[in-house]
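Next come two complexes, and both contain subunit A; in the first it sits with subunit B, in the second with subunit C.
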Partner chain A sequence: MKRREFLSLAGALAAGTMLPLGGARGATGAHVVILGGGVGGATAAKYLRLMDPAIRVTIVEKERRYLRPYGSSEVITGHVGLSDLEIDYTPLQSKYGVTFVFDEAVGFDPIAQRLALKGGESLSYDRLIVSPGIQLLYDQIEGHSEALAKARFPAAWIPGSQTQLLRNQLESMPQGGTFAIVAPPNPFRCPPGPYERGALVAEWCQRHNPRAKILILDPRNSFVTDQSMMLGWNRLYGFNIPLEFMADMPDDVQTHANPGLIEWIRQQDGGTLISLDAGSKALETEGGRVSADVINIIPPMRAGAIAEAMGLTDASGFCPIDPMTFESRLQPKVHVIGDACIADQMPKSGYAANNQAKVTARALVDLFAGREPGPPSWQNTCYALAGSEYGLFVAAVYRLQDGRITAHPGVRFQSLDATPAQIRLGAVYQQNWLASFTEDCFA
Partner chain B sequence: MSINHLLPNRHWLMLLALTSTLVSSGLQAETPIGADAAIAAPETLAHPCAGCHGTNGWIDDSAFMPLAGMPESIFIETMLDFREERRASTLMGMVAQGYSDAEIQAMARFFVNQPSEGTSR
Partner chain C sequence: MKTIATTLILLMGGALASWSPQAAETRAPAADWTPAALSATLAAMPEGDAARGQLLHREWMCDSCHGAAGIAPTANWPSLAGQKADYTYKILLDYLAERRNEDRRSELMIALMPMLSDQDMADLAVFYEGLTPSAVDPILRADDTADLAHAAALARKGDRSRLITPCASCHGRHGQGGIHAAPALAGQMPIAFTRTMNAYKSGLRDNDVKASMSQFARKLTDEEIHDLATYYARMD
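This part shows the complex of A and B:
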């Protein structure tokens, strides 16, 4: 939906029915409406209710159940099924008293502080939190489209039927076949994700398709966990680490005469995608034509469509915010959190969205009480797997410095001389994190 | 399997006696953050930990250490050991390096006051 079309629907607000829960603004405690029941929206709702039970919280969400994107590459290799990603909204309602409206916003009046919903109702708010996640821009790749992604060349970057399709394609890939992963340009959700996916697919192929090739085509020359991930690839899949990344590598790193399953084609080696040739299942890259049996294109992305429709995005496609409160710099009393917002040095990760939600909840409680919000504090932890028993991570603490969200300086990745026990523990923690993180957000 | 169950609250009290002297010396360590930076409220500093350690530090049946009800001196000593690399870790060393002494003390105060039984269930 285009922005003008969306805003024009605000006129429909006058005629719409007010939901009872949207009435009496400010009378019995402030009303916060949250668009999107993902990690950011759910965490904001839960923590608002924990911090001040007098605040009424309504989440507007299309889907009755959430499919978590974090850990969803494990569906592709069959470690878990698609249904294992499902998260139920019942605890947020029963334990924390969050109201859910399963509907979509179709109109927005920032002056009257009201939303129009597709079902015909309208909701008024004292503060609105928008946590829409990302949209994938399939059409920015020549020869590609959303229809092709759904039918043949899945992104599987937002979990759903494309995730299952990619799972099925891996299983039916011919012996010795090629599985191509196209990494997206910056900025993107889950920076270690494409490389973890490559590792997990390689691990699966080691058992089921040992002559297979996993190509990671990359518009970059480095990535977030690069050295620690490449060390894992070297140890587990016979990957030859490029010379530039050999500094400080431990003695057990080997140069393999016959490099193994994973091939990482960097920008400088021609890894940047130019177009998809759907008819002959091939990718045109800066380095030449690449044919593959399975093609997993993770396209460029920007903030979820609703953010654009509401006038919350800038030219980058993401949403500028005040990092103290995550209030939009473009619309008053609207806060944008999670992958959709521009959070300076924080990555687009679930952990970041969860932490941004907590800072926003605290700021709203303070603002409603007439207090100046205090200094914020954030962390990010992204676990990643180089194999199902080989864990690594990126972790950092963030604070506000000169008006920007800034990582505490220092090492943020797994040490290259981590012991086998530390590496194994990283994988144990990754699996435990999936549960503890889900609980902190949703239960 | 639950590692938590191996370390119920009463055992922290025993550890307390062993570590109290270290705590007082550990806090002499240089504060790595600019001393003029305003310190966030204790709960604001503590909530980021919940992504692994559970809401308000309460967690059950997990490999992660519950923090709710942990004696302040144990929390402080553990964080300083991680920060000063006296104790091996996966990522806690890197997390601890992001916090000043005052911030660690504030977090410790927050967690000791959280109920260690599962009030969120």
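This part shows the complex of A and C:
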């Protein structure tokens, strides 16, 4: 939806019917409306209700069921099925008294603090939390389009039919075929994700397609968790670690005479994508033409379309916020959390969205009570797998420093001399984290 | 860190050198326990080395949940100080065979076992047996609501009307444990105790020999399990 079209609908608000829960303000407690029932929105709703049951919370969400993006690469390799990603909204409603409106916002009046919904109703709010996630910009790649992604070259970065398509393509890839993953430019959701996906696909191929090749085409020369991930690739898939990443590597690192399953083509080696040649199933890169049997392009991304339509995004495509409260710098009484916001050094991860939701909920409770919100602190952990039994992670605690969200210095990664027990436990922690994190957000 | 890791690999006789998770598959899973099978397994338990067990306790991060001195730092995990070596050895084998797999806690243990040898398990078991148990910190107990007299009666005399054998007949008068790998209960965290009893009661846990524990757990009420948890938590 174009921004102009969206805002023009705000005029229709006066004529719209008011939902009862959107009516009175203040007398029976504040009303918080949340756009988006993903990790950020769901967590904010739950924690607002836990922190102050007098606050009324309404989530506006298009879909009746949520598909969790975190851990969704495991669908591609068949560790879980697409239906295992499904999350039911019932507990948020029955256990925490969160109201769900399954609808879409089509108009927004920031002065009157009202939202118009596609179904014709309108909702007024004391504070609005927008947690729209990301949109993928297929068209920014020459030769690519959303239609091509859905039919032939899936991104599978937002779970759904593209995830299943990529799963099917991996299964039907010819023996000795090439599976190309195109990593997106910064900033993007799930920074260790493309590399974990490469590892999981390599593990699958080891068993089912041992002569296959997994190419990771990258517009970067380094990535988060790079050393610990490359060590895992070396041990499990015969990857030769580039020299500049060899510092502090343990003694068991081997140099393999034949290159293994994974090839990482970084920016300096020509890994940046120029265009897609859909007709001949090939990628034009700065390093030359690459043909592949399966092409998984993770395109550039920016904040979900609704954020742009509401005037919450800047030139970067993401939403500038005041880190104290995550209130938008562009619209009053609107808070943007999760992948859509610009959270300085915090990554775009589910964990970060969950954590930002809690800190924002705390700030809103304080604001409604007439208190100054206290100094915020945030944290993030991303688990990643180099194999289904080989776990690693990046973790950090953040605080406000000179107005910016800044990581506290300290150990952040799985140690390069981690014992096999620590590595094995990393993978168990990842699986247990998936379960307990989902519970924390949605149940 | 690197030095310790290297030392450990040497200690493990190269068992750690493999990054592949195949080790478990080379062992036959234990058959369901019979008294004879348990006796034979315990008779074949290697002689443990407590000093080596202490090193493993640290290197395998057992201490992060079970405490440096075998006293769990939070109520969520069982304490191991003073636990009988034969019981610990049996339980580790049960995890290896996935005979114990009642919750996500079990998954952590199951994941590690294929990397431990029988000797490692014996060394850890002997190390824990040598540690001194202590009564659970009062903050982690719920004494106020427990009927300790009733718990003591169940523990010492049992309940004939329900055919409940006294707990002490297997677990010892002072909760010190007994023969046939009956675990020590003195100083056990009440939450861990209650969780275990409920798992036996519901059938989630069935690694006991011929239902030797679950048959009693099924007869105890929730209140009685709570009473007994508090009773044993106060012992040392």
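Operating definition for what follows: the second predicted complex is superposed on the first by the 443 of 443 C-alpha atoms of A that agree within 3 Å, B and C clash if a C-alpha of one lies under 4 Å from a C-alpha of the other, contacts with A are read in each partner's own complex, and residues count from 1 in each chain.
Here is the rule we go by: a contact is a pair of C-beta atoms (placed from the backbone, for glycine too) under 8 Å apart; a residue touches a chain by one contact, two chains touch by 3 or more.
Everything quoted here is computed from the prediction, not taken from an experiment.
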item	value
Which superposed partner A:142 touches (first subunit B, second subunit C, both, neither)	neither
Partner chain(s) touched by A:47 [first = subunit B, second = subunit C, both, neither]	first
Contacts of A:236 with subunit B and subunit C, given as first, second, both or neither	second
Partner, of subunit C and subunit B, that touches more residues belonging to subunit A	B
First (subunit B), second (subunit C), both or neither touched by A:428	both
Which of subunit B and subunit C A:389 touches, first, second, both or neither	second
Touching partner for A:420 - first (subunit B), second (subunit C), both, neither	second
Touching partner for A:314 - first (subunit B), second (subunit C), both, neither	neither
Which superposed partner A:322 touches (first subunit B, second subunit C, both, neither)	neither
Contact residues of subunit A, present in both the subunit B and the subunit C interface	418-419, 422, 425, 428, 432, 435-436
Subunit A to subunit C touching residues, read off their complex	235-236, 250, 252, 389-390, 415, 417-425, 427-428, 431-432, 435-436
Touching residues on subunit B, where the partner in the complex is subunit A	33, 37-41, 43-45, 47-55, 59, 62-64, 88-91, 94-95, 97-99, 103, 120-121
Contact set on subunit C toward subunit A in their complex	1-2, 5, 8, 16-19, 21, 59-61, 104, 107-108, 111-112, 115
Residue numbers on subunit A that touch subunit B, as the complex places them	46-47, 50, 95, 351, 354-355, 358-359, 362, 374-379, 381, 391, 393, 395-399, 408, 410-412, 414, 418-419, 422, 425-426, 428-429, 432-433, 435-437, 439-440
